[in-house]
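Two complexes, one shared chain (chain A), two partners (chain B, chain C).
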Partner chain A sequence: MTAVDRSDVTVAAPAAQCAGLPWGSWVMGAVVAFLCVTPFVLVIAISFGQKVEGAGWEWSFTWANYQRFFVGALWPEEVTFLHVQRLWYSLYYAVIAAVLAVLTAFPFTYLLTRQSRGTQSRWLVFILASLSLSEVFIVMGWDVLLSNRSGLPMLFETSGLTDWLKRTGWFDVLREWGLANPRNVKFKTSEFATILTMSYLVWPYAVILLYPALSRLDRSLTEAARTMGAGPLRVMTTVILPTVKLPLIGATLLLFVFLMGSYVTVVVFAEPAKQTTAVAVYEAVRGSTLNAPFGAAQAVILLLTAAVFLGFAQILTKRSESL
Partner chain B sequence: MFGRALGQLFMAVCGLVLALPIIVVAGASLNGGRTMLFPPEDPNFSRFVEFFVTETIWVRALQNSIMVAFGSAALAVLLAWPLAYLLWARGSRMSRALAGLGSLPFALPPIVFGVGLGFLWAFTGSLGALWVGIVSHAALFLALPLVTISIGLQAIDRAHLDAAATMGATETVTFRTVILPQTIPYTVSGFFFALVLSFNEFIVMFFVSASSYATVTLQIFNSLRNGYTPTMAVAAVAFIVVSIAVFSAVARWGDLPRLMGADQSRN
Partner chain C sequence: MSGLSLKYIRKTYGDIRAVDNVSLDFAEGGLTALLGPSGCGKTTLLRMIAGLEDPSAGSISLAGQDITRLAAHKRKFGMVFQSFALFPHLNVSDNVSYALTIAGTPRGQAAARAKELLDLVQLSAFADRRIGDLSGGQRQRVAIARALAQEPDVFLLDEPMSALDAKLREDMQVELRQLQQRLGITTIVVTHDQHEAMTMADSIVVMSQGRVEQMGTPQTIYHNPENAFVADFIGKANFFDGVIEGGNVRLGDRLLRVDPPANFIEGAPVRLAVRPEKADLADTTDSSNRLPARVTFVRDVGPVRDIHLETPIGRMVVAYALSELDQPFHIGDDLHVTLPAGAIHVFPRPADEQAAA
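Let's turn to the complex of A and B:
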């Protein structure tokens, strides 16, 4: 994620004496292009293909897969927005989770950068370890924590919290939100569990993305503001927030793009009717529905949505660096 | 003073929430029985023996994970080095474009890249081979060594290069005596970042392995619908330990805050 916004920083060309191997760089270019670009080109090409009943798919040039995505296969006789709705859920979960992660990671990262170098290193090790932890393990952990037979619902029951909720009437509110069954609270499956896990998933990323901007924050500015009598809150809103506003929005956009592709979390924690496009891509390419061209078309739509937001993030990072 | 304590408390709460699922999984891995219970029932280490020694499914998956992770991380570093060097030494439009392309798979949703790689390897007829998994992960994580090596190259003092040039060193000599030694920590960090992420990746692996082999995360992913077992929790514990060890090593021998983009003037 960070490579994109850093690649433009690296253009200072100090070594003047480098005579190069032009053919070598062409070979390099070919290898990188083949590995990193052809997969995307193929997805786009195949999205215009056709499904062959019982035999996979064939090359073609038809917009039918895209039409099916936006208005359904039987258009114009019948219109369904099932696939658009899935894309909507992709965006919906990702937006809330990304914003939540950045909102909580921001004060944390700010505090982290005020620590000594050694303390920072230790926290970074922990954060990087949880960042690299596979989505399957994270989902496993939250699954145990949120499932009805163990974890939080059990804790609610045994600690008497459930009874308290029932007495005070909050239980009915939770039931309305889909967070309780008649007997106890339940978190699986729910939007709450999906968004919580997604937020957890990108939280370490949020810290890592905000870390450079916050650790380069000029301390003399905040100190000057403090000596001139500004309270901590005022320093935050008038000095710190304006300087890190762009990195903050940029980080949110990157996390959002990252979350659009999350798969396991949605499969395990979201209700079947509220699954996302990423799940649909999986189902179409390798899962139960088996329609590679349609899967590819959905992947292209996911890709385009991601590209638009990444573009925004890129512009914001550029602008914040030129400031 | 009060604000400071509040800040410490907030950091502690964040750390606790971050650790919560990890603690639960670690606890569940100690279960004596076959169900995921927390707190564990009849705690012992028999699931660890199962994962590392007796159950062939897991032992083979672990071997595959190790081969893919080391192979792809090494390949990613080999591909990233000339790219980063070109970018640093030239900064030409082509090298910038190449670096951008190389970061593409990491920046975009991995499921799309996985689907695309699945198509690609199906055309070449090599879908399901282990080396395909290695090459795929190398492409996916190329961006990581690219970034760390670029940071390392930028850290080189220009005065050293000028000194080498005035003393008549050729490009090769400068490279060997000035550039390479100073960038080794960053290269190694890039290697380890790619290694750890490859260990934990599964969705791209799912599409390129075509069910002919499984890595540990893929094996867990495949048995998702049948529910979790404590043996899988052992896998999680093993992976967390590896990650922490690797990043501690990076922090010990490299400059982790700098790699993460902290201001280098404040030490």
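Let's turn to the complex of A and C:
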């Protein structure tokens, strides 16, 4: 009797597995695939559609939207690079802001990992909490801070710093950089303010991304280097940076891709001539120009650009690993 | 004199004294083992010598120069870490030549020196390998070669064998000792393994609770322990508590003769230690220290036989080389054991255990 019971159990268990789990996972997989893939497929499909003047758009298969992006709407009579230029600004802001965030977050995170457990926890909780601030909230804060009437420029003027800059000749340099008008310094609108705010926006992410790698860094590696004659700077350049090279590249890439889609910061701080593709996409889909197929084409190009960069980084990483 | 000398070194972490008033002179070209249980302060002491920790008090000098506050990278002390701390982003050869590269030695010259050192540790065929591709023993050799590259004034090793398996450990102990003797470099090894210390060291420093308990040659430490801790930590010993009576020791109704007579005041509480191999089961004429005993357990440990006995003064273990005594022992056998007067070590009983006794 016992033997029979046991055989029942052993037969029943695989049967239950066959009957229950695969179907469940098939359904789950289908739902996830539907939710993940459908929006992308729709955007790609719409990017081949065409705008109907005065109405919406219609399904079609035309490369016109992509052609317009690279050479302008009037090609072949006239060639314009307005949209390529916007893509360039997307890349330009995102690369510099991501690199700046990682470069400044790195020393901070490294020093953080050298602190006591309690201190580390308090800082990490604070940094995680700051992630809850939305982009709109942060941009609003920086908008006030950098505004000509009430922010830093006013402080420069009332404290006499502007006069000092004028006397020492630095004011002319700032004007060349587009950071001053004839009367006072100005940060809005400027590349400086755009990049600074973008960097600020992702700085906590940079810390969170670098923290695991740096806290795992074996302290005896740096100590070994010290006993072999390496001073602090040499330890940093010959041991720490090479050891955490991959996490550094990874964090920079992730922030770069994230920043490619920045919208509010660019709208508020970038000059009208230096707006990005992300802003243009929104304008085309919901804003003034209202051309969904062209907006979709720009979104696809932005996505592909990010993918190309990620692929390129992957190749670089593989190559450095095999060396 | 190598000139490496520690004077009244102390290291405190809050209320905890990790190293307490340690003064030591290290013999030039000799190998000294810092030996003690976990948490006795031996690694902290080594790290202070390396310059990786600052002493709370005291001074460290090398060839008469005070180096107490000298940064680690200016000391020119080679160190092998417990985890070996090899750089994963460099290959074997680049790891070994790291110190030379840092010092600005031309690349070719540094590579040649690395090759020479890898020859020394028999790893020349591995120069281009990645660290991840090496076994534990090979990693240790690379770590040793790397620490020797800068021709250090003092060679420091922190538990260098702890990551190796037992067989490899034995081989490496001999190999490291031979290498050290060939190079004649002043070496300090931290270990918690007494066998390792006895195998390699010219001199052993036994530490406990941040203090030096005894310093001496392995033979001195083993045969003439200065206190009960050393007798217990180095080798095995049978311990008995008694009181002094006329230069001998009374344990209950037995009076054990000790030679030379114990230099304690009359009635002082003491602790006796007898090495298992010194107790004698063969008939002897020393009848004063002859005790009746009953065998409670017998085990053969390789070449040695341990015989556990119950005696009127307490339990003890007697060890015999198997070739030395082929008499069979069985549990329950009644016999006599003699504790030779010259083999009994008498120590003051630790103060915290006197009240309990």
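Everything that follows uses one rule, which is that the second predicted complex is superposed on the first by the 288 of 323 C-alpha atoms of A that agree within 3 Å, B and C clash if a C-alpha of one lies under 4 Å from a C-alpha of the other, contacts with A are read in each partner's own complex, and residues count from 1 in each chain.
Here is the rule we go by: contacts are C-beta pairs under 8 Å (C-beta built on N, C-alpha and C of every residue); 3 or more make two chains touch, one makes a residue touch a chain.
Here the structure is a predicted model, which means the values were calculated and not measured.
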{"item": "Overlay on chain A: chain C relative to chain B, clash or fit", "value": "fit"}
{"item": "First (chain B), second (chain C), both or neither touched by A:A273", "value": "neither"}
{"item": "First (chain B), second (chain C), both or neither touched by A:W203", "value": "first"}
{"item": "Comparing the two partners chain B and chain C, which touches a greater set of residues in chain A", "value": "B"}
{"item": "Chain B versus chain C as contact partner of A:L221, first or second or both or neither", "value": "second"}
{"item": "Chain B versus chain C as contact partner of A:P242, first or second or both or neither", "value": "second"}
{"item": "Touching partner for A:A30 - first (chain B), second (chain C), both, neither", "value": "neither"}
{"item": "First, second, both or neither for A:A230, with chain B first and chain C second", "value": "second"}
{"item": "Where chain B and chain C come nearest after superposition, their Cα distance in Å", "value": "10"}
{"item": "For the chain C and chain A complex, residues of the former touching the latter", "value": "50-52, 71-79, 81-83, 85-89, 98-99, 102-103, 146-147, 149-150, 156"}
{"item": "Parts of chain B lying in touch with chain A, wherever the complex brings them together", "value": "3, 7, 10-11, 14-15, 17-22, 24-25, 28, 36-38, 79, 82-84, 86-91, 94-96, 98-113, 115-120, 123, 135, 138-139, 142-144, 146-147, 150-151, 153-154, 156, 158, 161, 165, 171, 174, 193, 196-197, 199-203, 206-207, 217, 220-221, 224, 228, 232-233, 235-236, 239-240, 243-244, 247-248, 250-251, 256-257, 260-263, 266-267"}
{"item": "Residues on chain A engaged by chain C in the complex (per definition of touch)", "value": "218, 220-221, 223-231, 234, 238-239, 242-243, 245"}
{"item": "Of chain A, residues touching chain B in the complex", "value": "1-4, 6-20, 24-25, 28-29, 31-33, 35-43, 46, 104, 107-108, 111-113, 117, 120-130, 132-138, 140-145, 150-151, 200, 203-204, 208, 211-212, 215-216, 232, 257-258, 260-261, 263-264, 267-268, 278, 281-282, 285-286, 292, 295-296, 299-300, 302-303, 306-307, 310"}
